[in-house]
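Pasting in a structure now, in structure tokens, and then I'll have a few things to ask.
A, B, C, D, E and F label the chains in the order they appear, each numbered from 1.
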């Protein structure tokens, strides 16, 4: 059955994760195993992507229970594109991991957590059921808890407890909100919720419930003023974990916002989406300011997650197909570039033994290749053409202007400058400058860090330079999101 | 003893098959039939007729229920009496019982019966420390009851 | 054309390999080929019967982004400048840069820059133009930071990048607005829709944004401050990027959009206003400089201001003059930079206070310098091109038309005076520069090296440029009809035919203006040491540079202050802010949408025992706050949990009750275990205000949840899907316990992953406990 | 009754959050537990509390309570149990490692 | 079960068991509130509550038997279980209380505590 | 008759609830942890009663499992708690 394709991206990592438990002590085997399985899964997902782009969404009714009653998995283009991106990042991380992690960390189920994180993230992208989304959120969060505490350093424990607490709170708010929604519309299937909310034109309490959901996802997505928890916990664990977090976790929140506020709560967009635009603006401003505020290179990158999320929310807020397309493009682009940056600053911190920018200089004399990778990554991040960030930003700003949101567009531009400055400081102060004679270069390590980064950057560049191959599909996602009927019909088959 | 119980259960189940009614009632009647059967055939089966011991247990249970009811009556009095005119305290009760089982049963019975509550058992199971609601008035009476229990338990276990 | 544009970049790919032989062949020789080839490729386009050429190459057709190259007079001028000067600069650099330097990097950047510049001036598609525009900023950044071990170099690189990318982004914003209004990405098609653009409410914003891009790139006041610091780059770069080409990109942009914008009076006010201020300020400040390249940098600023001002005039004459001056400036300024480089190279310093009397030691350089500076100063000599364009400038400044904006009229009145004022100082610094360096006393003891004439190779390029100065000076109309007229036409929108001549007769006001400039200029130049003190009265602390430093510094410090003020790592703070946001927004939405609902018709009966249980649970929950004994608080929590399972019992949810009981018991046990060794609870020590704040936040949140819950319950609008479960559980699901059937069948995925969650938790806990033991063993 | 239960759940949230706003680790975690209880009670309430029979099918019964919220709560209970357990161990380790159970002392600074 | 009389008697039995049971339960709680120390409170909870709950259970047992004709072994098991475990629990709590140093209450503050004395001797 | 039983069951429930509330007071008040343990244990017993009464009200046997489970957990829990208290802090009497 072809509809089983929808479940493969969730199940393969799940099984891999379980197997990884069994062989967790045999490091050489488990490493190789994880790498092979990730490659396999990526190939499978690539096939699913190909299939979906040719034949349209694949809808799987789990256990053959009809759509609104059982759990449906909806592998539409949006989901599968994001799942594919997730796997690309996973691929880079799994090859980066052995060098970056200590043997102990690997032994203590890094690969299991890693696979289950992928499984949870993919599940969250694919599921068409709101409560099931909650469950997948918990899977990926729990895996992230496992990853964030891995190693049990002082700082790590301190920051992870805050991370767990905030996420626990927002999870509880999430289930409660699902209950509220169930009370009003009597279902937890997203397509049916969308249909029913549409039928009553999103009466008052539904809007309030929508806003609660917005805050739930907003907390995960790290929007203003909900992002406070994010930066420090994200830099406490190993860089490879930071990369997975930075690339995937907040993006699941954004994805959920995108889904929910494109198919369900769209009937009072003059209130809700207008609010999003202002929140997006504040997220951009404070995120960019945050990125400027520190000399800790990891923290700089972590803070940079926030304005990116602001950009994506902007695309949701302007509520037109260009904006949606921009959000999706930016989402994909940002997932990759955040992974790149975390991996790179992780490499720098590993090679220099510090993440304090004031103590790093002249690295380019030892690691020119890393330096140029970082330079390109900074440009991608700031949305400088012709890289992937540019296309996303262009679409987002076009979307904003189509909806007459000039001020926010200008704020977005200003934030871009601060973003560029915030990361370029790392290049100028860390890579440029006099040679630091005290460094003992470790070219081998640098090379093994660089390869995964090159792999990811290749996609960043491809998404920009080769935008023609991607844009039509993403534009079609934008249109698709503007017309929730398509989604509803493909699920409910009415 | 175990053998007898097993036999009894088998008889009860056979009875259910015979009557083709699979309810608790038919099981119960089958069981009673079994007891009778075992009683009649007690010569041919090794070990003493187990229901003898069961009977002693039942006697102990009734003794216990009686004491439990009295105990609750006492408690009610204390609960609803406006004045706290009792004098609690802990006293030691030497016991002849040895095995953990016996001690457990005894302490349980002590705890559920009037005015007393076991608090601790000494090392070697020789002394039970008992908290009494009103220690002065009827320490001896209490000890008498406990001794009865001790006897009853020993009859069951030995 | 696509190949021509990308040729330098393609070559750049091979540079790292080619530079391996740099000991044998200077890498510059390979590089030279690229601009030369492009120059030769475009040169045949010059001619009388010039027609614009369009060539399109797909890039992202679905977004209407493509390499749509448009070669008209304007772009032709720039392409030739870029490739021509590029060739000369590369040649010069071969002798300037020693092979011990990282030549590969240098030339890669330079080639990237060339491609970027070609792209900027040839692209008709605004987004492609923007892409190349940013690329020029980036390559400029890398070139300025070429000697990045120097602090000043890094400083200059960052400054130039920040300012130019700032402008680039704003221009980008303007472009997006333009494309949204016109529905096209092509500049030429936009020009067709000038009326639409002018009547758009966003026109002012578009104008401002795009001009911001142009002004930053072309170092217009007050954004000029990056240019002097860009002089940290190797001199070939200064000559090429920061005088002849990149800084003219802004000029190009204004020229490119002139057909649209010049219809607006604001265009004149802004472009000419800023241009003339830049002219005056640049030339005035140039006198103050002591570094040769500093003088040249301010000179460039001032000259760019002048061109900008002329573009703003928008008259036929002014545009022609602007175009002419673009060409002229490239020739004399390029050569002067190269000579400054030679002086620096040979004498070891660029400090004009240490230099003097070099003419005898470096006669050829000195001669070239004299031609260059005199042309720059606009000295009325018939063989200096600078004079012609300056006089045209004066001429144009006198024939400004009336405007509907009062300020524009005042500006128009003031411009001739400002032009003269600026030109006087141009004259002064030009003389100061050339005489200070080559004439006067020799101060050889102050020089780090013993100066002598440069090698011939180094002299070729400036010499060619000076030949250009003289040739154009001698035959100012030589390239008019074949070349500059086309350029001017592209800007003006109608044919421009201008015949330039040295002598206009006595009744020509520009002549008197020139004479005033030369006269006063000479006096001032001679008396410079008497009045130079006035510069001390100019603010040091309040200068624009200080402002920039302050801004950059503050961008970090203020950011840090703002961020640290709320990102203080305090969970209380995080939670509070999050909760306040949720509560206030949700209440606001409820209020706005009138979402509160109250419907008691569908409620279950109220029973006493349930109320009592509720009260008991509430009391227990509240007492978790007040208890000071850790065991007590954990047990009270347990009571709440058991209370909940009691509610599950009462409301017909036995399976839930079972689970809740087990879970609660284990949780309490875990609580006790984990907190066994931790200290007991303490008195809540926070102040009254904080207690109150916490109280308000938590009560607000609880109240919000309750209100939304009641409203949600009061607006049950649809049949629940659960009826289906009750109907099908037995027949299809094969079980009578519907909850179980839902869990294992209909929502089996949930259950599977719920188990996964538990499993991960177990592993994580195991890791948490075990990993420490191992560490302890070490 | 739904209104009473909504208020009770609101109170559970209130007290839970008040506890989460405290400094001491134990109080904070107790707070999370209370919040979970509140959430589950909300779900139960939203499924209507009218006296239906437990949703176990039998011929004699016609009205059942809503089984779906029960199933959802069940999943949620198990999940929050997992998280709470992890949180407890984490809190224990964090306080031991950092030498304090006061969250306000666990703020940290930029460069560690 | 047939015959209304039997049923009636059964129902009366249910009512009696329920009421007595509940009475003992509440009495136990009042005892726990009123009694002065942990040991005396244990008396109340161990005896009265246990009996009370047994009463309610038997009531429920009979009721279910009448209504459903189901003999609910689990209820009986529950009763037996609580009768067996209540004293053990009480013993454990009492011992714990004693071992952490809680002295039995008395009006005059002069309590007889042979257990403490024995411990002191050792 | 059934109505009467129902009513009585509800009354009993109210009484048991009051009983729980009283015990809750003891849990909160203490003053010693063993006191709390006693009260908690009693609450558990009361919960069993509530479950029994609910079984009557809902006419269901589904709650029997619950009753048994409460019994088991109560025993395990109380024994565990007692052990915990015994090993734990020497004296922690609150001064409230």
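In this text, a residue touches a chain if its C-beta (ideal position, glycine included) is under 8 Å from a C-beta of that chain, and two chains touch if they have at least 3 such contacts.
Which chain is which protein? Per UniProt: A = Na+/H+ antiporter subunit D; B = Na+/H+ antiporter subunit E; C = Na+/H+ antiporter subunit A; D = Na(+)/H(+) antiporter subunit C; E = Monovalent cation/H(+) antiporter subunit G; F = Na(+)/H(+) antiporter subunit F1.
What you see is a predicted model, and the numbers here were worked out from it, not measured in a lab.
Q: Can you give the shortest number of steps from chain B to chain E, where adjacent chains in the path must touch?
A: So the least number of steps between the two chains is 1.
Q: Going by the touch criterion stated earlier, list every chain that contacts chain E and also contacts chain F.
A: none
Q: When the contacting C-beta pairs are counted for A-D and for C-D, which pair yields the higher total?
A: If we tally the C-beta pairs in contact for A-D and C-D, the bigger total goes to C-D.
Q: Which chain lies at the heart of the structure, taking centres as C-alpha averages?
A: Answer by centroid distance: A.
Q: Distance from the CA centroid of chain A to that of chain F, rounded to the nearest Å?
A: Averaging C-alpha atoms per chain gives centres 48 Å apart.
Q: Starting from the mean Cα coordinates of chain C and chain F, work out the distance between those two points in Å.
A: So the centroids are 69 Å from each other.
Q: Could you tell me the distance, in whole angstrom, between the mean C-alpha positions of chain D and chain F?
A: 21
Q: Can you give the whole-Å distance between the Cα centres of chain C and chain E?
A: 80
Q: Check each residue of chain A and list the ones that touch at least two other chains.
A: As it turns out, chain A has residues touching two or more other chains at 131, 135, 138, 142, 145, 149, 152, 162, 165, 169, 173, 176, 180, 182-183, 188, 232, 294.
Q: For chain F, what residues touch not just one other chain but two or more?
A: Each of 16, 18, 20, 33, 37, 58-60, 62-63, 65, 81, 85, 88-89 in chain F touches at least two other chains.
Q: Counting only residues that touch at least two other chains, what does the list for chain C look like?
A: 569, 571, 575, 607, 652, 654, 705, 709, 712-713, 720-721, 725, 747, 750, 754, 757, 760-761, 764, 768, 772
Q: So which chains end up touching which?
A: A-C, A-D, B-E, C-D, C-F, D-F, E-F
Q: Would you tell me which residues of chain C are touching chain F in their complex?
A: 607-609, 612-613, 615-616, 619-620, 623, 627-629, 631-632, 635-636, 638-639, 642, 645-646, 649-650, 652, 654, 657-658, 661-662, 665, 668-669, 672, 676, 680
Q: Can you name the residues of chain F that touch chain C in the complex?
A: Per the stated touch rule, the residues are 10, 13-14, 16-18, 20-21, 24, 27-28, 30, 33, 36-37, 40, 43-44, 47, 50-51, 54, 58, 60, 62-63, 65-66, 69-70, 73, 76-77, 80-81, 84-85, 88-89, 92, 94, 96.
Q: If we count contacts the way the header does, which residues on chain D are in touch with chain A in the complex?
A: Where chain D meets chain A, its residues are 20, 25, 28, 32, 35-36, 38-40, 42-43, 45-47, 68-69, 72, 75-76, 79-80, 82-84, 86-87, 90-91, 93-94, 97-98, 103, 106, 108, 110-112.
Q: Can you list the residues on chain F that touch chain D in the complex?
A: For chain F paired with chain D, touching residues are 58-60, 62-63.
Q: Which of the residues in chain A come into contact with chain D in the complex?
A: 131, 134-135, 138, 141-142, 145, 149, 152, 154-155, 157-162, 164-165, 168-169, 171-173, 175-176, 178-180, 182-183, 188, 232, 294-296, 299, 355-356
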